[in-house]
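Take a look at the structures below.
In the two complexes below, chain A is the common chain; its partner is chain B in one and chain C in the other.
Moving on to the complex of A and B:
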């Protein structure tokens, strides 16, 4: 069944949903990134273990670079913390009234942990 | 804004509802597995014989091959069936959670019925194969 939508992509991008919309879109992007990362990670492990292939090493080199680590830890951490908020609000639906407060708490939890992780990653990268 | 909630009996219980609740519960399950991994890593000596990266490695995939470069003297006692089962369950929940997530994204952004069906099949096959490969790697490592 095809769905008819009257909203174009441009209008969709212009939609200003603020805080909740931002977490929603970041949850999607980070989720897709994690699926891609985990699938490639498993593939790399399989190739290295079964065939000692250089393709596995090639994939490993990509996700061991510090830029990729900063990106993937953003995805993993944000997806985990935002996911926990979604789980709590969904399983106790009465709490949805406090969604904005929950999002503020979420960022307050996320930013220090992420900042610490980025600090450690960059320090390790600079130490070589 | 007052929230409105519909009771389970009125809402009905179909496949989508099952997957909706499964996504939430598998998220909680993954939190539990990560916690089990952290505790396991601390017992095997993460406090003194591992760095942060290796602790995270054991947390997210408790597999001796994953922490080969650590200073833990003997990894053999850690390649038990318990950790292999934990790892397999982790892979299973992660993959099914991810599969349902990708299918939802496809449903949301693509309207062409044929393309939708095709992509659903492709994603389904890729993720099921990847799960099988992951569990195979776990048990043969």
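Moving on to the complex of A and C:
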């Protein structure tokens, strides 16, 4: 007797793991988003080139919109920088003692670059 | 101070689903969450079930989720949480009753890593000599009390209890890096299996949850590096 061991997504997300847990969740979300983006890109190219279909143009319109660009740049940039942090810590386990500092550095690198990219995207969008 | 404690309740003989019950208690800020649970059990509702033994952070019986993260109830002080405290069982293990979980999958994983000294050489007349530096190499991982706070904070373990989990890897680390032990190759082979160290995604929940402040992710990283380089240096 007793409950099953299943941990629901809600239970997992409710766990208070602080900064590192947040980066872990964002890494997963951004990874899946990149896969989705690449799949859409291939699909759009295939539909446009092979069938001259308007569906390809429709998909292109979605991911060329400035809102989608802001999202996908977040995903690509965050995934890359967080991935680099993990690779560095995996290769030099002694540095893991400074994991909190590593996460602060990661955000310090990420935020200015991302902020600059968002600024350029919005400026271009507003300029039409 | 007045404290409201919300406790996860599940009695398999009566309840179809788990639910929460809330109790109002008078407590000192320096009381431990375990004291609150004892008060609930002693004065409010004797059916509340939870594990506790030494109550001093050594036996590792009372790991639970307190306000969303794993802690030992006997080391968690009320003033660290405020007037509202939620207590739930640790995740990823089957709930038997209230805050009691089935620890068997956790200990199965512990046994898989051969957590004992392996050395077939004849025992010397006195002790097996070890320098202070060699002892220091695995000192941190000798502190594990098998409370499961780390393993049940790990998203990879939530996904599958076949994953060895941080605690089992910490205990493997304790022997892999012991200069007197001869079972490192056997244990590294186990660590290299599909449900071994490669399932660790450096989430760091384990390190934050450990009541003994063991650098768990670092220990797992050292095992990963030993597998990559084939060297224990």
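As a working rule, the second predicted complex is superposed on the first by the 118 of 128 C-alpha atoms of A that agree within 3 Å, B and C clash if a C-alpha of one lies under 4 Å from a C-alpha of the other, contacts with A are read in each partner's own complex, and residues count from 1 in each chain.
Basically, a residue touches a chain if its C-beta (ideal position, glycine included) is under 8 Å from a C-beta of that chain, and two chains touch if they have at least 3 such contacts.
Everything quoted here is computed from the prediction, not taken from an experiment.
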Report task. Report for A:67: first if it touches chain B alone, second if chain C alone, otherwise both or neither. Result -> neither
Query raised in the report: For A:83, is the partner it touches chain B (first), chain C (second), both, or none of the two (neither)?
Result: first
**Report entry** First, second, both or neither for A:113, with chain B first and chain C second
**Finding:** neither
Query raised in the report: Touch check for A:42: first (chain B), second (chain C), both, or neither?
Result: first
Requested in this report: Pick one for A:22: touches chain B only (first), chain C only (second), both, or neither.
Outcome: neither
Report task. Using the touch definition from the top, say if A:34 reaches chain B (first), chain C (second), both or neither. Result -> first
Report task. In the overlay, answer first, second, both or neither for which of chain B and chain C A:122 touches. Result -> neither
Report task. State whether A:105 touches chain B only (first), chain C only (second), both chains, or neither. Result -> neither
Query raised in the report: Which residues form the common part of the chain A surface touched by chain B and by chain C?
Result: 1-5, 86, 90-91, 93-94, 96-97
**Report entry** Interfacial residue positions of chain A with respect to chain B in the complex
**Finding:** 1-5, 28, 31-32, 34-35, 38-39, 42-43, 45-46, 49, 80, 83-84, 86-87, 90-91, 93-94, 96-97, 120
**Report entry** Contacting residues of chain B [partner chain A, same complex]
**Finding:** 1-3, 5, 24, 27-28, 31, 52, 65, 91, 94-95, 98, 101-102, 105, 111-113, 126-127, 130, 133-134, 136-137, 140-141
**Report entry** chain C residues touching chain A - in the complex, by the definition given at the top
**Finding:** 10, 12-13, 18, 65, 67-69, 91-97, 102, 105, 153, 155, 158-159, 161, 201-205, 207-208, 215, 217-218, 221-222, 224-225
Query raised in the report: Okay, in this complex, where on chain A does chain C touch?
Result: 1-5, 7, 11-12, 14-18, 20-21, 24, 86, 89-91, 93-94, 96-97, 99
